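Here you go, one structure.
For clarity, chains are labelled A, B, C, D and E in written order, and residue numbers in each chain start from 1.
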Amino acid sequence: MEIFVYRKGAEAVEEGFSAKDLPGLLADKTNVIWVDLRGETAEQAERAKDVLLNVFGFHHLTVEDCMETRNQPKIEAFPNYFYFVVHGIRPEETNSTNFVTKELDGYLGENFVVTFHIERFKSIKVVKQQIRSSTFVCQRGAAYLLHQILDQIVDMYMPIVDDFDNVINVLEGRVFQMKKSNNAILGEIMDLRRSVARLRRISARQLDVLYRISHGEFPQISENVLPFFRDVHDHLLRISDLAENYRDLVGSLFDIHFSVVANRTNDVMKTLAVLSSIILPLSLIAGIYGMNFDNMPELKTRYGYYSTLLVMVLVTIGLLLYFWQRGWIFQRDDEKGIVSKEEIHAETADPDL
Amino acid sequence: MEIFVYRKGAEAVEEGFSAKDLPGLLADKTNVIWVDLRGETAEQAERAKDVLLNVFGFHHLTVEDCMETRNQPKIEAFPNYFYFVVHGIRPEETNSTNFVTKELDGYLGENFVVTFHIERFKSIKVVKQQIRSSTFVCQRGAAYLLHQILDQIVDMYMPIVDDFDNVINVLEGRVFQMKKSNNAILGEIMDLRRSVARLRRISARQLDVLYRISHGEFPQISENVLPFFRDVHDHLLRISDLAENYRDLVGSLFDIHFSVVANRTNDVMKTLAVLSSIILPLSLIAGIYGMNFDNMPELKTRYGYYSTLLVMVLVTIGLLLYFWQRGWIFQRDDEKGIVSKEEIHAETADPDL
Amino acid sequence: MEIFVYRKGAEAVEEGFSAKDLPGLLADKTNVIWVDLRGETAEQAERAKDVLLNVFGFHHLTVEDCMETRNQPKIEAFPNYFYFVVHGIRPEETNSTNFVTKELDGYLGENFVVTFHIERFKSIKVVKQQIRSSTFVCQRGAAYLLHQILDQIVDMYMPIVDDFDNVINVLEGRVFQMKKSNNAILGEIMDLRRSVARLRRISARQLDVLYRISHGEFPQISENVLPFFRDVHDHLLRISDLAENYRDLVGSLFDIHFSVVANRTNDVMKTLAVLSSIILPLSLIAGIYGMNFDNMPELKTRYGYYSTLLVMVLVTIGLLLYFWQRGWIFQRDDEKGIVSKEEIHAETADPDL
Amino acid sequence: MEIFVYRKGAEAVEEGFSAKDLPGLLADKTNVIWVDLRGETAEQAERAKDVLLNVFGFHHLTVEDCMETRNQPKIEAFPNYFYFVVHGIRPEETNSTNFVTKELDGYLGENFVVTFHIERFKSIKVVKQQIRSSTFVCQRGAAYLLHQILDQIVDMYMPIVDDFDNVINVLEGRVFQMKKSNNAILGEIMDLRRSVARLRRISARQLDVLYRISHGEFPQISENVLPFFRDVHDHLLRISDLAENYRDLVGSLFDIHFSVVANRTNDVMKTLAVLSSIILPLSLIAGIYGMNFDNMPELKTRYGYYSTLLVMVLVTIGLLLYFWQRGWIFQRDDEKGIVSKEEIHAETADPDL
Amino acid sequence: MEIFVYRKGAEAVEEGFSAKDLPGLLADKTNVIWVDLRGETAEQAERAKDVLLNVFGFHHLTVEDCMETRNQPKIEAFPNYFYFVVHGIRPEETNSTNFVTKELDGYLGENFVVTFHIERFKSIKVVKQQIRSSTFVCQRGAAYLLHQILDQIVDMYMPIVDDFDNVINVLEGRVFQMKKSNNAILGEIMDLRRSVARLRRISARQLDVLYRISHGEFPQISENVLPFFRDVHDHLLRISDLAENYRDLVGSLFDIHFSVVANRTNDVMKTLAVLSSIILPLSLIAGIYGMNFDNMPELKTRYGYYSTLLVMVLVTIGLLLYFWQRGWIFQRDDEKGIVSKEEIHAETADPDL
């Protein structure tokens, strides 16, 4: 448990208080107090619970929710404070095929912020450093301090979320280049879809929370701090919009994978068909002259063998021409780019869809 | 029919009343009364109907709905009480490919809760044990007692719903590993989709019910009990969000199944094509020298046979090299992970989607 | 035209009135009057039109809508009455691959219900029998009488809608068992999709109508009759929810059909590939020893023939082993159920999606 | 420019006015005036612009919008009038694979309707004939006159929209019957999808316009004319609902096309596999006895040849039996309809989805 | 930094002011002032920041957002001004497979417009030319000046957005004509999908901004300027609707690509099957008469060879007839258009979907 107290006009944030100092500190409404509670061990959790229930007197349902770890992002108003759950990213574990979050519970009152978390939050560490090095944040009050924490948490999403686009790109490239049918890529696409689904769910719920915070629903947040929360809300909105887009694009990866495999099967089939179409007739010719009839005049002729070989060569050439004409062999790549811009425009009489 | 009565200030909940005691008990507004009715047998149902209509005077439409078993979750307000239908899970039958629910009907008045159900509810049994062992729940009033019942019912969903994720995972694994095309997996995916569809439908309707209950629409629920219902609502919201996600993921299972089959067909085709491409030309050579022309000089030469065998070997090697180059044979698995993180990032000039 | 009049306090509903009695009957606000008009023949339609316009003085637009048969369900308020269009099912024609509806137009005033329909409605017949046998319905007023009619109409949907689930099930079974690629099943799936689309459209619009009726928008319906309409609304809501689910499931039938065909193609390909892979090499061996070179020492040896046959057998066994190892032949069905529950749970570290 | 004036109580609509008469006519609020402007030629457009800006004094933005032809349906309120854009169908060009619309701009004031269009509108021609033949429409005022025009325009959609269903049906039939893989059908399905997309877009926006008009937002439309606009709105609603359905069904056409091709490929594969499976083993037998080993005792036997032929026949029969058993050959069509209704119902324990 | 000042009644816009003149100019509320700031270089950005913060006193959060380049379109109200972010298109880079935007930040106060952008905007250049050549725009006030800028920005989208339709058309054509399976087209479809996704995201957010501006939410925009913003809003609405349609159509491209490949695979398979079906039996016949049995009477007959050849020809003809009957060969294209309109209509008893 770490307690930070900023007394009005002070030059630095004070630390080193213990739970029993809290009632006194809270009584002075000009103080800005941040209590950061950890619940990593059972003992810590027990102590945190005690502080939340007995010192602050928070609704016991919210304290129970703190202790649990499977809540969705949410916000609940009470007469003198509100309780919220937000989700941060676990940066060391999370990547675009395994999107994992951790829970931060918290309370905001008139002159205090209480945060409770089981796992470490880099974002909280950053804010602690900020308030230790400058009183700027605390001067603006408890709500601004909370904004700072949420802002940090949401900012941690950004690189991960932007990375999704790269991952989709790279997977797309790998699908195009895969030589062998392999299920590993399919598994990765599925993992990606799962991650995007989680991201969508979490960011949509988180957006609800920030929408309510940033639209003036809670009296603990004064008018002049609202724009800061709206800023966080807008960042989340971007994340949520991107998640929606990613969903579409990941869905396309299945289509592409499938089409690439179909393309390759088509290639294989064509190779087999062309080869069979050429060899089988030749074999038939050879087979015919391998028959043991007594009366087969051609067999006796001097150039019968050579003529037969010649026929075989001619048949081969003929079939190659035929397949070339049908576009099955010796085909160059689709001439992409040949269709000039002008033609495109000329093609459409009514450009209105 | 079981009747539980908690008299204000009493140390324990009283039991053992019968229908004719109810009017007296209900008249005292400080009592908290829970009437739990079963409708398993026709006789029970008849008695329950009588109590609901004549003792409580509930709207006969709601009593008819109680007797039926095909209602959706719903809630209906009346001047002195509200009527609701919620669905619990049948835990012994339900699993992720067969999602089955059972109906609980109920009424909440100022000082009473009435529940009616045809099937057994483990959640109701649990609440009965709670109120028998402590008066804590009843002290908080009838609305809190109802909350306790609904909370138990919703909590029963959690393990089933979380299990869906596992089942999707396992099915995905089985699809990847299936050796033989089998329709059984397809049938299971379809069952899963059906279950998810039911879960979505039930949880969406149930969410409506709890939204209305928890947002203060009904005067039977006092302000200080609302947070508890909001808590149940939030749990259901998570269930409903997950159901939405599962729908997407189950849809992907079809895509994956299909791609896996396409991949395997591609493998089979390649094997066939490579083999035919090698054997057929060799057979042609053998066929040519199997012809019976009189004048085939090669046949007379001393090393003709050996040269022919050599040619066959060379053709084989040449074709193997060709197919190896095209990536059809001797291909290792897609080198996943080779594309380093740096390359991924270098690839994207504008990381903004 | 049938006219039913219930005079307050009467013991039975009176019948046998004609159009010219109506003004007098309507003037007495304590009467409950139901006028059921048919428009099967042109003459009937003409008479109905006359009654609607001149006796009741309904807005002529609504009378025109009555005469047409292609309206969507809708409701339109006028100062002293409201006009509605609802759709019933044609039970003899409708099944899940051909969903056909018929139109019922109607008006509700303070003390009258007017219904107009071109086709027969079983639901209307049922209500007529009810009011002939008992005055119960009429005692509750015109709005309750209307409720009775709508309730009957919506109830007729139920068996058809529930049947969809069976039909999807049966089609799924037939897809799994189809031996031959046949387009008939595809056509049936398409018909089903069409039916579900119609059901969705009709039930969504009908739901709007009943929502407006049942939420107290119209003064013709008194407070105490509203719960009955809400009950009808809830039944329709269930139908509408189910229609939404069916849409998903019917979409899956295409996926399944497609996968089943792909599976079977894969089986065929494997058979062909295995067979060719075994026979072609053997044929090559036979071909080689069928060559006519003078100098082929093996041909002269005593056991050359037998050794060759032995080699052929060994090659066959080798290839069979190879294909068995690759899982192409002698494969048993996917061992569904082998993955035990424990394994499933062990597999997932974080069960939260 | 055509000007129609109906003076209160007059027996016919007057025509033949010119732009300079308009101010006088408009000043008399009891007149009902319709000014129909064409903008086919530049000169016409110029004159129309002059009238709109200088005679009526409309907002110049709306006049600019009139001159453009790429507006969406929209409606914009101004103090004394409102401006609207709606889209009619070009009936001669439009069919279900090429959905083309044309723009009608207009204004409604207290006693005037102004319409502006570049292309001919059959619907406007029809309304002109109506008001020439009877003063009925004009007696009801300018708003009713506008209703008449919009009603005609929306009615023109109906046959086209209903035709979509037929076209989908016919395309479905052609997909089932196509013998040869042809891309033409795919192109038509794509055109259809494009048309449905346009129809959806236009009808959704048009619906917005009519919703606002018909819900009493504009003071130019008196209470008693609103039902007429609501009627037009309901017609559009049906169009918009159908467009939504068509979207689904057109999507299914791709699924069906694809499945039909897959089915046919499967048939082809089976034919090839059965044939190869029968002929290749026979060829192997023939090949074996075509070998030139000196010591092949069978060759010397009297009935060796006949026994070999017999073996070939037996092998053929055996393989045919095998393939017949696997259901690859001699398969009758899927016995649709064999599954009786009773079985279907017996199959489902819980008919609730 | 460019400053444009229009003094009430002046004949031209004045330029050439510097930052220190601004306070004086702003103090006169009858002036219309436009300050256009660039942030291309760090130094420019620094100066712009200084002006925004110290001269105008804008909220520092908005100034930070100006400096960043990854904001979504948004709008934020402050007591005396509002701040907005909109996105323009980079016309030189953007095409339908690479949709790139650039950010414009701005502020609107009672008598000033401030714009900040890092990249060049052609639209801003155009507006500067307008106000230099005529005072018309400035006379209408700052809000109208802002409208002019936004209108130009939105107009730049139009050709790009309309071009999407062409690109989809052209890609569709290329898919139909592709001879060789190539992944390039798939890559382009994916790029297109990505672009459409971006367009949808940006235009949806931009629409929110313009909706709020154009519906009178901000006091800086007087009633009479609102229609101009609503006009911009309507243009964006069209863009946003089209983006929605494009999404559907691009999705169809995957379907089409896939079907085309499947079609071609089917063609290849049929060729292979027909060829094998004809050659293999002939080869078998040749093989049989190539056997070396001593006792094969046919071999001795005079016309044995010729009869065998004849049999081969007959078998060939028979098989060709068989395949022609099954529709595998010599098939003409699907007779599109043969199904006459009349037949289509006759086919459908109930045209109502």
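By our rule, a contact is a pair of C-beta atoms (placed from the backbone, for glycine too) under 8 Å apart; a residue touches a chain by one contact, two chains touch by 3 or more.
Bear in mind that the values here come from a model prediction, so they are computed numbers and not experimental data.
A.B. asks: Regarding the chain D and chain E pair, does the interface count as same (over half of residue numbers shared) or different (under half shared)?
C.D. replies: Different; most numbers are used by only one of chain D and chain E.
A.B. asks: Can you work out the rotation angle that lays chain C over chain D using Cα coordinates, in steps of 5 degrees?
C.D. replies: In degrees, rounded to 5: 70.
A.B. asks: CA centre of chain A versus CA centre of chain C: separation in Å?
C.D. replies: Centre separation, chain A to chain C: 37 Å.
A.B. asks: Between chain A and chain E, what is the gap in Å from one C-alpha centre to the other?
C.D. replies: 23
A.B. asks: Send over the residues of chain C in touch with two or more other chains.
C.D. replies: 70, 194, 197-198, 201, 242, 245, 258, 262, 264-265, 269, 272, 276, 280, 283, 287, 290-292, 296, 352-353
A.B. asks: Over in the complex, which chain B residues touch chain C? Could you list them?
C.D. replies: Residues 59, 61-62, 65, 70-72, 74, 76, 78, 162, 165-167, 169-170, 173-174, 178-188, 190, 193-194, 197-198, 200-201, 204-205, 242, 245-247, 254, 257-258, 261-262, 264-265, 268-269, 271-272, 275-276, 279-280, 282-283, 286-287, 289-292, 296, 298-305, 308-309, 312 of chain B touch chain C in their complex.
A.B. asks: Which residues of chain A touch chain E in the complex?
C.D. replies: Contact set of chain A toward chain E: 172, 176, 227-228, 230-231, 234, 237-238, 241-242, 244-245, 248-249, 252, 255-256, 258-260, 262-267, 269-270, 272-273, 276-277, 280-281, 283-284, 287-288, 290-296, 327-328, 331-334, 336, 339, 344-345, 347-348, 351-353.
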